[in-house]
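The structures come next, written out as structure tokens.
Both of the next two complexes hold subunit A, though its partner changes from subunit B to subunit C.
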Partner chain A sequence: MAPAPARRLAVSTRLAAWALILVLLWSVAYPNAAVVAGSFAHGLGYWRAFIESPADREALWTSVWISVVSVVAACAIGVPLAFLLARREFPGRRALRAVATLPAALPPLVGVVAFIFLYGESGVITRAVQAVLHRETPPWSLSGAWAIIFVHAYTLYVYVFLFISAGLENYDSALDEAAAGLGAGRVRRLVRITLPLLMPALAAAMLLVFMASLGSFTAPYIFGGGLRVLATQIVTTRLNGAVGVSYVETTVLALSAVVALVLFRWLERRRQYVLPSKGGGRPARRRFRSPALRLAVAPLAAAIVLVLVLPHLMVILVAFARDGAWTTQILPPVYTLDNFRRLATDPAFLSPVRNSVAMTLLATTANVIVCTAVAILIVLRRFAGRGLLAALAALPWAVPATAIAIGLASTFNRTDLPTARILLIGTFWILPLAYFIRGVPLVTSAVESSLRQMDASLEDAARGLGANAWLVLRRVILPAARPGLVAGATLAAITAVGEFVASVVLYTHANRPISIDILAQMRDFAFGSAAAESTLLIAIVFLFTLAARERARA
Partner chain B sequence: MIAARARAVAWSGATVGVLVLAACAHDGRTTILVYSPHGKELLQDVATRFERAYPHVHVEWEDMPSQTVLDRVRAEAPNPQADIWFGAPSDLFARAARDGLLDPFTPSWAAEVPPEAHDSAERWYGTYLTPEVIGYNSQLVPDSVAPKDWDDLLLPRWRQKIILRDPVESGSMKEVFGAILARSVAATGSTAAGWQWLRRLDKSTKEYAFQPTVLYQKLGRGEALVTIYNMPDLATLEQRVHIPVKFAIPTSGTPLVVDAIAVVHGTHHVAEAQWFEEFVGTPAMLLVAARDHLRIPARIDLADDSLPGWIRMARRQIRPLPIDRALLADSLDSWMQYWDAHVRRGG
Partner chain C sequence: MAGAGSLALRGITRRFGDTVAVDGVCLEIAEGELLAIVGASGSGKTTTLRIAGGYEPADAGSVLLDGEDITLRPPQHRNFGMVFQQYALFPHLSVENNVAFGLEARGVARPERLSRARAVLATVGLAGAGPRTVQSLSGGEQQRVAIARALVIEPRVLLLDEPLSNLDPTLRETMREELRALFRHQRLTALFVTHDQADAFAIADRVAVMRLGCVLQVGTPDALYATPACRAVAAFVGRATLVPAQAEGGLAAVTIGGIARRVRVATPDGAPLTGAVFAVLRPEALSLSPADAGEPDTWPGIVRSLRFAGAAYAYHVGLADGTDVEVAAPERVAAEGDRVRVGIIREPVAVVGD
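For the complex of A and B:
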């Protein structure tokens, strides 16, 4: 990490810094603090109830072990795939590269539903396998812990893949070549050189996967089959009317996440190597030497591509299937345009789309402004509150979406200026605020990473040439921040437009988003319409990605 | 550069446009919001007819599970969103009333609702009676072997073939479990036999579905064969979605859940909300609900021959389980907590 230049802050900049700290303290830290305070409202009473409840202990334990196994599973898929795509040349490589990140673009609720249709006991794949094997009973059941881990592995390996790919992209092969010259074998080089060098990237990715699994709500909610994890237990406890205990559960969930954060950060720091870049460059992609492997790799790649694309395809297929006609067959037997026709003729249909897009634009715009300013201050300036600012911007990583939602719900439920509370429950604004909070770490860290690659002396040079602060910002800093800003904002927008977990707690009639409307369609027995609307959501996500690509190129 | 600026202008223009669209959507009518688990079909129908009768009122609704309605009404109490809460087992209404979340109102038909189907302080009134029944996949289970009564569910034939709504979220399931335990108390003086029965049911249960839709899918496609559910939803499933399900009314008697309606405390549209409650309980609307949406009216003054045939038949077949309401109100929460901790999935 390059040390930031010790620039003395102008008064206006210092004011801006503290204003940002206040904004983040209020929106990010305060609601969580309110939840922690709420858990102690009866002294230790709620905590005692939590500790004495076998259900809560089971939920905590299950959450933790499922998250650990999810991390292992995501690494088992993501790491080899990243190596394969970075180091090898084979037919189908480009197609595989193109779809490798697709699972991240599948909105949470939609993804889970697609999995039911594919791999559920009466799903397409399950029934096909059953038919091929001539079995009386389905070969597996998509229920319980392993089903959840399966879904996590599919959706979360993308983090591992992206981080390791980036690590391999910047990988300097000089050290590798030196070791080879000294007689180290391939395995030895992998274990002693490549993996340690990739450790920071791997640790960061593992952290993300762990956090996402720990906070994962939809998968356990739909496939848990009664299995208890903390994220669903919080909602259950609230429904049973024990709000105090639900605060304890929320606090414990957030605490587990923070413990993991500290642990992984330590792991990341411990294994950080700074290499003098000698320009060995990225090793070239090679073909497989053994002919058998060379033959096998193309069909294998095709199979992986298919598996990755299947959930999207399945949602689209069901969107064209007639509701109720699909009972014991492998594939839906009757196809129709009715689902789309019903959506298009429903006068209420446009409002969730409008809501989701409007709230996403609001939240992402706020993210762009606030997070760019935060990242500039963190990377390019030095001042007393810098560490606090960085910690605040990273905090929402550590707090699962359910916990964020509960925090907002219990904080902004009345207007009380001395305690900085504003009534937001039941208003349009509560969801954009939630989306904004979830976007803060995404956008900030993306912009940070872009700014770190900027040569700090550029700013001094521009100033030396007489540019004022505004010109420097516009012509030097913002262009440098741009790649990260576009990537981070896109990610934040994609997350917001399909957001389900916080929305289901906080939405009101006035801002009902697409994901909640999909849930309502499902409640109304209209699986076809739910799939049609999901297809629309996938299309919106795709449009966002296209727009981002366009911006990045411009 | 110019192209980039034009694009930026287009983007911000689009943003503003979307926001403006989102902000204005009114036409001078008073809008009331209904929270309800009754489903789109019934809600749309009631809303359309109500708007015809009261042209200056516009009805919007939000369809969600009954437990969620209670949670929402409670969470939104400082800034109430809903004007009317239409539908949920009456003990949920009783809880909301106890917490001061509902306003009293006396509809003109109040006297026609039997005393056990409304709140003594008039904070909620029963609209429909919902029998809990046994549902089964009619493609895979022939009528001759289908379970006819509660105890049939414990037969080895259904071991791991039963799918139930998760009772934590489902008012219906709570009602059934409560009835089983109350029946045990009435017969033997203790809950022991009831717990034993529920343990055996748990052994036969393949899955507790959080989502009703998951239950419909799995039942319809044969992943599980039998369920316990409420009659109107099963009938809708069969008639509208053509999922192959049939139901049997338990011969020894079944809980008849009073499904209620109430004005939400703190609504800004008190008069309109009261009109809506009044309208839902009129004979004309109850007949529509009975004929088209399979709801059994809670009012007892409607002539038998004015009701559709199936209701007359159901009225003959259904033996309401006598349930000690006071016992249930006192014990249901703790019973469900015990069930959750010690019975679910073998405890």
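For the complex of A and C:
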């Protein structure tokens, strides 16, 4: 049976659709278009300057190769880990499974701060190794390309792990059994059957890692050393006053992201199969046969768990360290509750927290309203602007946060009604707008996927029973949208509350978010205060997740 | 609320791009009548049903309820019950809240709508299932809930889209009888579509056969079977072998492999048919006799296969000119590979033009 055709629109719905398209054109497309237009303001002059600048060429090249290596590293960790947890039974499996996605729960700046505490020049691990080796100098320095790749691998392998795990979850063991019955050995089954079938999931995960690495700002910004990557180069160029060239850099960064998007989507689609319905179910987890592996796997699992949990533990530990007391010791020597006390009483500490929470609530509320309406229109209605609306809602996903921020900074820097510009730079409103834009694709796609699972005839059924548009929305569509809405809104809120990349370009002193304050504390070597704020951020993220779980269950 | 109404479709047409899904369909359903639309998938039957319910706009034609034009009236103002193919039960509502939804939409207070929902659930054999979740029900139970939900609003017309297609064969037989009894008892006007003629024959008063967006014939099940209007209906309704024949003056000469047999013919409403036609040979109108019996006006052939089908054996016999006919014989009169003779034992024989 063909799916029930989407409905033609009532006049009021059509008006709403075009109002939404206008809102997204203005907030999402216009700033990006303004950047592209700005890059051509002197004809090809800025572009020539970009091409002729060795620094810019180096930045582009470095961005690309670091992203490629990050993808390889993330796959090298994520794929084996997914297979290990899905297919094998061993002591410590549950613990490992529980913490395997933990790095994703770390706001980007907090992750970087934790890495400094652990592996930086005076980090705990660094000093411990130095002491064990009896060296005068630290055994490594956490800076440059490999440090960035290290952070990327740690935080981004989670995408690969989750996608491959989901693929293995849906994988029908009857396929493996059929191949085995035809005489294929374990390696052949893996290479010829399992991996090809997991290719779409892997391609999708690789795309996510590549895009995140390409747009990655925090790690290169904090410990890139002298290394230039596009995302940081944009900000540097802009601070140096070469605004035109920064537009070119922004355009190039966004274009690279779009090229990667098209490339990986092609790879993903070329290898899309419809898996047969479940015959054999998921294969049972087996123990390792070799005694040596059996002995080795438990300590190995314990080590991985430790590595994954350490950043969180370290941030929390340092949050109890007295500022300034931790100098040459391996671990902070003096512990105190002062940092948290100050956090609770000192208005200078309190205001960034208040700012972040307020701006997050504002942006996420706007996301919930706008994105639910957009997703309903995209999935359940058919009208002339539908493709445009879907593209607008997905656009911020393809554009790195730095590029979004530069677009906003260059568009809303003055009020000029004929060109639809409003002065927002320097006001409270610019950051909530940036957070809103970054949340649009997250919330829209989550609600979309929930609505796509809804049986299209439910709406017909409700209308046939006499329900008006409002009742259909309230009793049929919104309940169907709800799981995606909760998940998407949580994700958007988590992203917004720890947001750093757009914030560092756009913040003003009055609406300074937590992440900017953490950076300021780090610059003052007030590690304890920075860690206390980071701990608070982790706690807020944890609370959001918990609340979402409750809402989803209710 | 008014009881069952009469429904009329006048010249309904619906295009999707270049394809005409429904092409000038006219149907009249009297008050209290059960009409089935049968047809293969893609014949336009579901689109016709959706237009009748207001779920799909018609490009041309009109829908009349008790003579009033309701073509442009949206579904929520038609007061038709609809049972969807996949039932479309609201997954987040309990069974009784599903059934009560139509009453909720009509502003009926909660205690009353729940008691009415439970009452209707009882009539479909689901008393006490009200608080259960939709997911905990079996396929057959879900179907009953879908029907209860459509009935509780006291629909002017009940529409059903493939109501039995998701049920297993045994349950399906039972449900046919239950549905017919229920519809009769409630004096409902019902229009339902199905690709299974057995469903249509078992439930409906009259059956409309659709193909390529057009209604080929509307009639009672026995009329469709005895006097199909065209080859497509003859082939779709029941089993038959179509054999070329020459008709003239109420008789036809059925010629196979040079041997002609004259038979009385039947056409819809006794309309005269002359010239080259096709005779519709139903399995039960044919007989088998041993090759050496020497019966007159019979055709020699070889038994290609036989199958026990409950009430009779179904034989496939290859005749001299290559025609393959299906013959129903009450007993096992021949074996595979036997030479036999096939004769016509029941007249009149239906003939169709093209």
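Just so it is clear, the second predicted complex is superposed on the first by the 531 of 554 C-alpha atoms of A that agree within 3 Å, B and C clash if a C-alpha of one lies under 4 Å from a C-alpha of the other, contacts with A are read in each partner's own complex, and residues count from 1 in each chain.
Simple rule for what comes next: a contact is a pair of C-beta atoms (placed from the backbone, for glycine too) under 8 Å apart; a residue touches a chain by one contact, two chains touch by 3 or more.
Model, not experiment: these values are computed from the prediction.
S.K.: Taking subunit A as the common reference for superposition, should the pair subunit B and subunit C be classed as clashing or as fitting?
M.R.: fit
S.K.: If you stack the two complexes on chain A, which partner ends up touching A:H509: first (subunit B), second (subunit C), both, or neither?
M.R.: first
S.K.: Examine A:P479 and indicate which partner it touches, taking first as subunit B and second as subunit C; both and neither are also allowed.
M.R.: A:P479: touches subunit C, not subunit B.
S.K.: Give one of first, second, both or neither to describe whether A:G466 is in contact with subunit B, with subunit C, with both, or with none.
M.R.: In the superposed model, A:G466 contacts subunit C only, not subunit B.
S.K.: Given the touch rule stated above, what does A:D455 touch, subunit B (first), subunit C (second), both, or neither?
M.R.: In the superposition, A:D455 touches subunit C alone.
S.K.: Once the two complexes are aligned on chain A, which partner has more residues of subunit A within touching range, subunit B or subunit C?
M.R.: Partner touching more subunit A residues in the overlay: B.
S.K.: After the superposition on chain A, what angle is formed at the C-alpha centre of subunit A by the C-alpha centres of subunit B and subunit C, rounded to the nearest 10 degrees?
M.R.: Between subunit B and subunit C, as viewed from subunit A: 160 degrees.
S.K.: Have a look at where A:G43 lands relative to subunit B and subunit C in the superposition and call it first, second, both or neither.
M.R.: After superposing on A, A:G43 lies clear of both subunit B and subunit C.
S.K.: Of the partners subunit B and subunit C, which touch A:A358 in the superposed model: first, second, both, neither?
M.R.: It touches subunit B, and subunit C stays clear.
S.K.: How far apart, in Å, are the nearest Cα atoms of subunit B and subunit C after the overlay?
M.R.: Superposed model gives a least subunit B-subunit C C-alpha distance of 12 Å.
S.K.: Which stretch or stretches of subunit C touch subunit A in the complex?
M.R.: Contacts found on subunit C: 41, 46, 50, 53-57, 74-82, 84-86, 88-93, 101-102, 104-106, 149-150, 153, 159.
S.K.: What residues of subunit A sit close enough to touch subunit B in their complex?
M.R.: Result: residues 53-55, 116, 120-122, 138, 141, 143, 221-222, 224-226, 232, 236, 238-241, 323-328, 351, 354-355, 357-358, 361-362, 365, 409, 413-414, 423, 425-428, 508-510, 512, 520, 522-525, 527, 554 of subunit A touch subunit B.
S.K.: In the complex formed with subunit A, which residues of subunit B make contact?
M.R.: Residue positions touching the partner: 3-4, 7, 15, 18-19, 21-22, 25, 33, 39-41, 60, 62-65, 67-68, 71, 75-76, 78-81, 95, 139, 166, 168-169, 207-214, 216-218, 220-223, 236-237, 240-244, 333, 336-337, 340-341, 344-345.
S.K.: Which residues of subunit A touch subunit C in their complex?
M.R.: 1, 4-5, 8, 455, 457-458, 460-468, 471, 475-476, 479-480
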